[in-house]
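Each of the next two complexes has subunit A plus one more chain, namely subunit B in the first and subunit C in the second.
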Partner chain A sequence: MGWSLIRLWALLVYLFMFLPVAVVVLLSFNASQFGAFPMTGLSVRWFVELAQNEAILRAFRTSILLGTLTAGISTTLGVLASLALVRYRVPGSNLISTFLIAPILVPEVVLAVALLLFLNFMSINKSFTLLLFGHVIFTLPFVVLVVQARLVSIKRDIEEAAMSLGASPRQTFFEITLPLMLPAVLAGALFAFTISFDDITGTLFWKPGGVETVPTQIFAMLRNSISPEINALGTVMIVLTVGLPLLGAAIARQLARNRGG
Partner chain B sequence: MSSVTLTDIVKRFEAFTAVHKTSLEIPDGAFVTLLGPSGCGKTTTLRMVAGLLDPTEGEILIKGRRVNDVPIHKRNLGLVFQNYALFPHKTIVENVAFGLKYRGVPKEEAKKRVQDALELVQLPGVGERYPKQLSGGQQQRIALARAIVIEPDVLLLDEPLSALDANLREDMRVELKRIQERIGVTTIFVTHDQSEALALSDQIVVMSAGRVEQVGPPEEVYNTPASEFVANFLGASNILPATCVGRDGDSLAFDAEIFGRIAVPAKKAPQVTSDGPAKLVLRAEKLLLTERDAPADGTVTVDATVETVDYQGQAVRYFVRAGEHQLQAINMIDEHPFAEGAPVSIRLRPRDCAALSA
Partner chain C sequence: MSVERREARQPWILLSPALTAVTLLLFVPLLFILVYSFWLRTATGADQVGFFFDNWQEALTDRFYRDILLNTLKIAAITTIVCALMGYPAAYFIARSRGNKAILLLLLMLPFWISYIIRTMSWINILGVSGALNSILLSLGIIHQPLQMLYNETTVILGLVHFLLPFMILNVFVSLEGIDVTLEDAAHSLGATRWQSFLEVTLPLSLPGLAAGGLLCFVLGAGTYITPLVLGGPRDAMFANLVFEAVITQLNWPLGSALSLMLLAVLGTLVLIYNRYLGMAQLMKGLG
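Moving on to the complex of A and B:
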């Protein structure tokens, strides 16, 4: 009796969480102009229109470029920072660690406004580079957390063994350390990409005029009217942000299996 | 020619001195053990030879070459760790071949040398597996194969048997000795386990609190300890105050309260050079407990009472009270062990005693 109540409750929670998402996905295939039930028929016309909407395509390209660059820079910096913090004795490493993690503890609006004010103070104009800079700041903590955790679990002995056998520190990093922490590096990069791709708060504050990412584009479109194209765009974004990490996890599992894991 | 020479090595970590001024000569092909409790500086010494730590003072020579400023990857060493440290993402063959890659060994030859090394450690069939698929003992054999396949100048073993189960540890000990003798590589072995040290070594270096207490072959270290620390760390010993009262040919006469006068061979008391206070070292397994009325046959005999019995299967460790002293005695069991409270005699042959200066 108790268990079935718990099951029912859990089901309701899941419905509450995922029903709106499901509705968006469902309506994106609606043939009618108006997002209402019952649906008048199935169609992919909104996806076609989406693919022909120049503004959305431009936003899409911007988001992908921004996400990819953010992931690349964040991951590189994050791996280097983690290596320094875990493998070397850096003075004040605890403090540095806290500062690196701080951006996820500070509310994003506060961070966004702070950076904007700082840029004004320095009389620097908003630009794509600065937007990228902002995204790197708040994706970096995720990379550092994931990579650090992995690096701690890689025993120093293994690297020392490699060096004793004749590998230089650089060769040891590329032959031993990097392959062993690759799953964490990829996970960190995926995190960085999806967070950057999803972000709206910081982006709204930092983006220069004329540059739109997918979330800010949707936001702008919603202010005018509720177009079914938005449902289609939402569906595409769900597929990207859910599918990409799942794909990454699957690849990581495959790699692990090949290594006798 | 000595293979490894340490000259006045000191290692300090800020205010803490891990290794005090130490010099050591390790002959070519020798199996030398650094033995001591944790924190005695044995691993620090090994890591300095390996190049994983820089000595604060002093020189390290490997095959006559000063290596203080040579980084680890250019020292040509074989290193084996307690927790195997195999590369989990590489197959066994790739693990063993790792060092050959950096030595420009041609592929065909490398393949043969890897196979030879795997045969030497008696695991010829596991080449395509991954480390996780092997047991702990097998992984340690592979780690050993990986270290010796590069024909190192020195083989450094950092507690390689400590992570293994008791039975396996003894098998591996025999195996390790066989392999080392077969290839004749100079070996430095670090352990806190006295039986490993006694079984494997040509020379034992007993260390305590960053200092070398004694260097010598196992029998010498065991039978003629140079300090109280060595006497107690290798096996169980009783140390009694005594007075040296004179020399008689090859033996020294000691007065030891309850035991009366004991004539100890002079070579087992090298530190005692004059009459006066000294310390007698009586190994626990050399004190034989018997019934009170058994015949004495040329031994020193003292009456005592059993206080505690520590039963260990084939042997028993007794704590007995003789006068004001509590002594340890380890005896093989003949029928039944003595009960607690039993009146016994302690038998002791004078030639089994050793003496230290007070």
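Moving on to the complex of A and C:
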């Protein structure tokens, strides 16, 4: 079979992946009244309207707060657990790993229902707290997977060298292990933040009435009709969720290079 | 306490917050809805505690639920097959290309970071009545009235494929990368044609990746309710939509519990079968 045929196929698959997204970005600069073709000219008016839309700004604040708290908590839990699994000989560590990633093996809808009903039974109603609990448990497996994969590559020798030169375990951790782990920790936190920021499946179950995150706000706006404002919001989301990880990766590489050089 | 004892306790101290969180926020809630599914929601809206089979009887024998469950599995299966057909050659291209493999991979990872709801709704811009496709066809004079292409089962599958394809490509890519390229050359030098060496060497060796990608596509596809709400019509509800309806709209939580557990049982069985034959390690490779 021809290699050129495979290349053409791959090109078409990439087009399929990116064309619809590119159209969202294109239409967000549409000057026309309606969020659709034909385009009548280029304009940034929809971004201006976006910046003045109180509901959307509120959704952004909610999403950023939720994402930041989620990232903080689930990265802390995930890093501690990963350290235990990578650094110690724990009996049944395979079982523990599977246990820790169970939240993504269960369909998210089921997780959402179970958590909602159980916490409601425990008198925790639909609230920001419930959202936070949900996002933490849902992002934890990703943090564990990412951090564990990177921790494996940090050699124990360096720590042992530090200890043999007289550093205490505490000193070793804060001056050797933690700085070496920093890229892994940042990657985990970034991952957790992005997943939380994007989530809609669980969020629709857990959010109290009147509270919207950015994805649920977009979803609510879709109920009416697709307006250019949604496309503009989509463009902002794409820039944020694609830009942040790329920025994070660049920073991590820079950190690694500084340490290496 | 001796040093060894303390040393042995340390990992458990590090693990305990995460283990506690998963226990209290996943496993206890799952056990709770199992109990809850035997309670009854009375007409007044209060729960009647007890051991009733009514919800399970309704969920398991009502034709309505069974048809939607079967339809959900059908949609997930078609989505998985389309993902495999589209994704395998693309993954093969990335794995065997001599050029910018890093860039190709990065491009592939990008959709993971682009919001699911944005990617889903982006198809409205393409296929909608005043979308890109209709306006192109209109301006070319091929049609004179905009076509109604959205809000049917095909667009639901399209949306799911668009969402899940990167999972398939990534998993196949990971397993193709692990295959020694010289194996194909060896088959070739022993007289196999390129097509034969692919069919008899490369394809079988990459099956674990294909299976991992397939499992992810199927389970994630069968558990969705957002895509049918955005891209489907009124009759394209999937099983997760029924769960959402029961829990959020009708507030019949015991029935919602039974329906959730039904979905978990069906999809969980697939995960267990997969685990039995291929193990979770393959799945982690593609995720991590």
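A few points about this structure:
The criterion applied here is as follows: the second predicted complex is superposed on the first by the 252 of 261 C-alpha atoms of A that agree within 3 Å, B and C clash if a C-alpha of one lies under 4 Å from a C-alpha of the other, contacts with A are read in each partner's own complex, and residues count from 1 in each chain.
What we mean here is this: a residue touches a chain if its C-beta (ideal position, glycine included) is under 8 Å from a C-beta of that chain, and two chains touch if they have at least 3 such contacts.
Treat the numbers as computed from the prediction; the structure is a model and nothing was measured.
Legend: residue contacts after superposition of the two complexes on their common chain; A:163 is shown touching subunit B, with no touch to subunit C. In the superposed pair of complexes, A:132 makes contact with neither subunit B nor subunit C. In the superposition on chain A, contact is made by A:171 with subunit B only, not with subunit C.
Within the superposed three-chain model, A:105 lies in touch with subunit C and out of touch with subunit B [touch as defined at top]. A simple residue count on subunit A separates subunit B from subunit C, and the partner touching more is C. Against subunit C, the residues of subunit A that register as touching in their complex are 1, 6-7, 9-10, 13-14, 16-21, 23-24, 27, 34-38, 76-78, 80-81, 83-85, 87-88, 90, 96, 98-103, 105-111, 113-119, 121, 133-134, 136-137, 140, 142, 144-146, 148-149, 194, 197-198, 200-201, 204-205, 214-215, 218-219, 222, 226, 230-231, 234, 237-238, 241-242, 245. Considering their complex, residues 155, 157-158, 160-169, 171-172, 175-176, 179-180, 259-261 of subunit A touch subunit B. Listing the residues of subunit B that touch subunit A in their complex gives 50, 52, 71-79, 81, 83, 85-89, 91, 98-99, 101-103, 129-133, 143, 146-147, 150, 156. Taken together, the subunit C residues at the contact with subunit A in this complex read 10-12, 14-15, 17-19, 21-22, 25-30, 32-33, 36, 86-87, 89-90, 92-94, 107, 110-111, 113-119, 121-126, 128, 130-132, 134-135, 139, 162, 165-166, 169, 194-195, 198, 219, 222-226, 229-230, 240, 243-244, 247-248, 253, 256-257, 260-261, 263-264, 267-268, 271, 280, 284, 287-288.
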